[in-house]
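Two complexes, one shared chain (subunit A), two partners (subunit B, subunit C).
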Partner chain A sequence: MSLTTTHPYIEALLKGSRDLPQSPAGWLDARRAQALERANALTVPTTRDEEWRFTDITPLTRIHFQPAQSVTRLALSDIGCFIVPEATVRLVFVDGIFVPELSAVPDSPAGVQVSTLAEAAEARSALLEKHLARHVAFENNLFAALNTSYLRDGALVTTGKNQACAAPVHLLFVATQKETAAYPRCLVIAEPGAECTVIEDFVSLEDGAYFNNAVTEMVVGAGARVRHVRLQRESLNAFHIAHCAVTLDKDASYLSNTVTLGARISRYDLNVAQNGEGAEMRIDGLALISGRQLADTHTLMAHARPNGRSVQVHKTIVDGAAHAVFNGKVFVHEGAQLTDSSQESRNLLLSGRAHIDTKPQLEIFADDVKCSHGATVGQLDAEQLFYLRSRGLSDASARNLLTYAFGAEIIDRIPVRSLLERLERTVLEQTQAAEPETRS
Partner chain B sequence: MINANATVLLEVRGLRATVAGVEILKGIDLTVRAGEAHAIMGPNGSGKSTFAKALAGHPAYEVTSGEVLLEGKDLFALSPEERARAGVFLGFQYPVEIPGVSNSGFLRLAYNTVQGARGRDELDPLEFDDFVREKMKLLDMDPGFLDRSVNDGFSGGEKKRNEILQMALLEPKLAILDETDSGLDIDALRVVANGVNRLLTPANAVVLVTHYQRLLNYIVPDYVHVMEGGRIIKTGGKELALELETRGYDWVLEEYKGKTGAEV
Partner chain C sequence: MSTVLENLVNQPYKHGFVTEIESDVAPKGLSEDTIRLISAKKNEPEWLLEFRLNAYRHWLTMAEPTWPNVRYPKIDFQNISYYSAPKPKKLKSMDEVDPELLRTFEKLGVPMNERAALAGVAVDVIFDSVSVATTYKQKLAEVGIIFCSISEAVREHPELVRKYLGSVVPTGDNFYAALNSAVFTDGSFCFIPKGVKCPMELSTYFRINTQDSGQFERTLIVAEEGASVSYLEGCTAPKFDTNQLHAAVVELVALDRADIKYSTVQNWYAGDEEGRGGIYNFVTKRGLCKGVNSKISWTQVETGSAITWKYPSCVLLGDNSIGEFYSVALTNHYQQADTGTKMIHIGKNTRSTIISKGISAGRSNNSYRGLVRIGPKAEGARNYSQCDSMLIGSKCGANTFPYIQVHNSTAKVEHEATTSKIGEDQLFYFQSRGIGNEEAVSMIINGFCKEVFQQLPMEFAVEATKLLGLKLEGSVG
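And now, the complex of A and B:
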């Protein structure tokens, strides 16, 4: 029952959502309708909003992105370079649309069940109703509301009680059409004692401007363990806005590696809520950007129960006139005694025009905790450079090696070998192609 | 080994240098010929390390006057990496830790870069692995150090061995070892010193910068220079080191003042 006038840009974005077919689950249609109503009532965030202070998304609002009207026909060979050999299960979405021919879903993959949300809305409606759109709140979040109003397809990954899936599940989102919007959606549920690895991978076969607005929810049961690898390698003209919410039960653990390479403007919000005692989170991030890219990462690690542990290392390597933003909040609620948390924001500026805004925040309402945080912004270390040059390495080669090493610390912790090696090469190539402009 | 007819590797004339605008080196003269071992001794703050770093091209040290010739060519016309390729090696007093860069990768990159610049064959990773393991035996070094990050978490002694390993790989004409003995226990000192001795040939030379005489029991110098106030104020043979050990530096200073009337 919104009384506000709908923002014309939001109106344009929402045009397609009313045409979605009815879902077999009534609750899903109701939730979508709620989200649509909220999207209509909200406005596009500007730099006057505290949460968007450093991230101006005006360029996004210049194009009325619409969902893809047709499915681009791709052969497996078109996406061959993105295939992760370790993954036995792969779901492929092209411009937001699930493509079964490109996907690989074995009948009974060990330890894990993977399906599309559309299938699950019929077969596992009760489970979905309990979790879908329950963890990423859309009431005051335009992009989550937009995504939810378009909720139709997406991925559901579930791991049964005490089941372990050693092979990673690969969720591949391929963009092929410019000026389209896609609304990727994932729900991951690890039952108590379960273990799984999920790779969310955003790639592009199109150089133009398109818009990916993704939402991921993860529910990690008691003693369960989820590893989350997130690769954002969109086209350099793309817009990527994503939200991920993770809920941890007692003794659960969540380990995430996020690598941001692409997009003209990207924003990733990761909220991890430790709702059970003794839960553990380890969050690693690397953004490697250049040119006119902007990469914004907002994280919240919320400790609500005692004995939680959280470790975060977020690194950025910024070249050209690119701009990296990091806002990392650690929140320790009253009663979350004996929380052990550390957070580091480390940033490397490779050019005089590169820009970094970093804001680690710590809010503590318990009195017996161990929390540390810190941020560094700098150029390469002069003593390390001299040491390498004194051994015959050229200035450029010494700089490349040190830049690479800075990023490698994060890459090397990725739990999927082939991705790790591929990313090592990517980082190596990208750091070697870096602009030499301000170097002596 | 002194041979008056040997090639002059290094010729330093009237070298002056500043750090952050403060003059540290106030006119150094030194000639090093092939086959020779020189020791530069002197109290803290006398300018020994500055001299070593200035020769290697550390950007914090600005050369204000004088000249340095490496085999007759102007050393200061070369960048630090060109000096390394031309045969200058600085063994660091405090070897720099580089987390994230594997020691083996670094050693191979340095080796191949220098080999390439000298028109010699480079080695692929497998060949290099055999080669470097052989060199590590010389220094009684555990091959495990290849898999770690450069100097990262190495003990003082391990870092110094890693320095001499680099010297062994890069085969310098002129090695300047800055306090290579500091932080070494007596066993490690012997191993490192023996390693250096085995690398010395009639064609190359070493300049040892040190506080203490004990290193010179193992690497016997042909010349001992005493540095004070940014100048070399006395030069003698190996016996000078022993005399410094028992009598300290003050008498050298007095003698210098008496001779020159200079305030140091």
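And now, the complex of A and C:
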């Protein structure tokens, strides 16, 4: 197919990107122009594309989302319920626009430097040039290209050499206007030996349809340790498409907890590249969806160097007529000997109309490795139910308890206490709310 | 990795091409005229010609699949002769047979009377095989089993062929199936009537009679209510063929309570150590469990071909039907295999089991690609899959691509996969018990594949075990 003309939908999405003001750094404008060129050349993925085989984004393409034109005035109390008390640093973006009044950036936070990308573009241009839009490739990825062509602001979190920041950094993205598109962007750089925790939190004060297209890049230096908590609790009519690329240097470690609760259609691509010997990654995910929701998670754990370790547990709880998709690839390059990798995809179907497509993949090009993966799809275990009922629990509460416990395994690993407790309550409520329809 | 294993796997392919072609080759190219010519040459009825033409027209609209994890130069479909029937020159006696080949038969333990047939010797020169074949044929006819070439079946039993041909793999199913439907030249047809249990493994007969399988083979097996049959395709002996592209279609139909067991041992020419030459084996195999309580079981041992691309599948339509897939795929040198299965659960309480063992050595690439699909009406469906890979050497690849699609909440699906290698300590253990490296590797691999070999008919299990040893054989040192 000839691609000389831009896809009309992409053209509509890109309408605002040309009006962006020039950035103080020439290289950023150049990179943005490159992305714009690619976005113009690419087409909207369909279910005929292997990567999008199970995720039909037609509903998304029916609305021509435009970036918000005005900032919604919010008081701190409006977002009070989202605030994480442990986090001393907080950046708040409303409909993709940074709002300093809602944010909290102490002058000298211990160990960690947090600013917006716009601020840093001048002062730390060299650092940004090296990493920004360098890790999430946009050449053949429409949504990353769209995000990059709109790249103007975002969050920058850096941790200095051997510095540790105990308190998490909270990056809060609030949606308040329907039919708007936001392009959140984050860059996290942990220098060698550094340690930090970053919470990416997508929330909504609006029930309508809006579009969040996020890109996050993380660079974890030698021996550094990054904990990444990602909460997606968009409105049930929203569209959420996000990419995250993580590169790990020697002996680096990356821990990720992803919880997906919201959005009508959501897609999250997480690519972790182990580029240094002995690096380790632990990736946990939970998707709890119902109604007509679709949650798609694609992960890639690429081992390029010897002695890497990776552990992944991805769980889904699917109710109503919801649809969960999981595609987890473990890639062991030639020479990545002594890689130890395990991957599990556990899926719980609660209703007759819910469905799941899961595809754990192994691609291995080194012989001295230990790799395994497993996938299960099923319902609650009859014996476990019987056990609880023999202890006097009603059928409904036994089911709720088991469903809750299934999800809690992932939630309980979240390293931020208040978030963990809040999510536990959410999961409890959601699993309670899921009242029997096919169950007797 | 020790050089021991490297040497073990680098055993050269022992036999070159020995077939001299008595040329019956027609002009190259594919068009409706070619298809009419094939059909006319074979004296086919009108409906079959229509079947071919429909397939051809559909094929023209299709694109060659690019999703398999295999690399090969583009095939020029106009550069193939579609109705050539190359016949290997018959040798006069066993004395003319390459002694190396005889040694292979010896090693594999192929029965004496079959060796001649396999080596391409005109069988009647030595054995009275006609009478052997006739005895088999009589025995089968007594119970009402039809077993013949598909061309013969078209002539003798057109109603049966017409009813079932293309009912499992439709003419437009995929690129290569469409091509096969358009130009298939021969293959086997087997029909087991109601309530009949086939008295013998159809393999034995098959091995003697149809060693000249065509480039575009078509197999159709139908088991009526309560019938059962075990069928073995191919054999462990190395198979030479000058046709590089092979696109076969196999269709199985099992009606109520019928049971079909289909076993394949494939050892076609895999190309030399540098990856030159070798056969492209692009096969569509599918079984339909049409009736209640029916069962289809696939067992395959894939050791040959430069490229293997096949997914023997089961469509579990009847309630309580069972699908099974047991596979060993071994690749060495530059071989590429993308193989696996599809289990499509449609009926209630359908069950499927997948056991796949991949062994990669040399610079080969071995992929398991499988689909387990539970339809919305498949209440109580159950699947268990296990895919294990073993890597020998650090230049090869092992991949697993399992697709799991579940649309019913009462289904239970489990998938497990592991990747491992032969450990130095395992070899050391064998050595300390006085067992040489070569034998140790062979034993470890056979242990790894045990669950699959157990499914093979007895004599082939023995041969397959030896075959794997032979494929990985080399000088120890």
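Criterion: the second predicted complex is superposed on the first by the 436 of 440 C-alpha atoms of A that agree within 3 Å, B and C clash if a C-alpha of one lies under 4 Å from a C-alpha of the other, contacts with A are read in each partner's own complex, and residues count from 1 in each chain.
Definition applied: a contact is a pair of C-beta atoms (placed from the backbone, for glycine too) under 8 Å apart; a residue touches a chain by one contact, two chains touch by 3 or more.
Everything quoted here is computed from the prediction, not taken from an experiment.
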Subunit C versus subunit B on the shared subunit A, clash or fit after superposition: fit
Which superposed partner A:334 touches (first subunit B, second subunit C, both, neither): second
Of subunit B and subunit C, the chain that contacts the larger number of subunit A residues: C
Partner chain in contact with A:43 - subunit B first, subunit C second, else both or neither: neither
Subunit A-centred angle between subunit C and subunit B, computed on Cα centres after superposition, in steps of 10 °: 70
Touching partner for A:391 - first (subunit B), second (subunit C), both, neither: first
Contacts of A:162 with subunit B and subunit C, given as first, second, both or neither: neither
Which superposed partner A:405 touches (first subunit B, second subunit C, both, neither): first
Contacts of A:379 with subunit B and subunit C, given as first, second, both or neither: second
Smallest separation of CA atoms, subunit C relative to subunit B, angstrom: 14
Footprint overlap on subunit A, comparing subunit B with subunit C: none
Of subunit C, residues touching subunit A in the complex: 1, 67, 374, 376, 389, 391-421
Sites on subunit A touched by subunit C in the complex: 50, 54, 334-335, 337, 347, 349-379, 438
Touch list for subunit A against partner subunit B, complex: 382-384, 386-395, 397-398, 401-402, 404-406, 408-409
In the complex, subunit B residues that touch subunit A: 56-60, 79-81, 83-85, 89-90, 92, 95-96, 98-101, 106, 109-110, 113-114, 117, 149, 166, 170
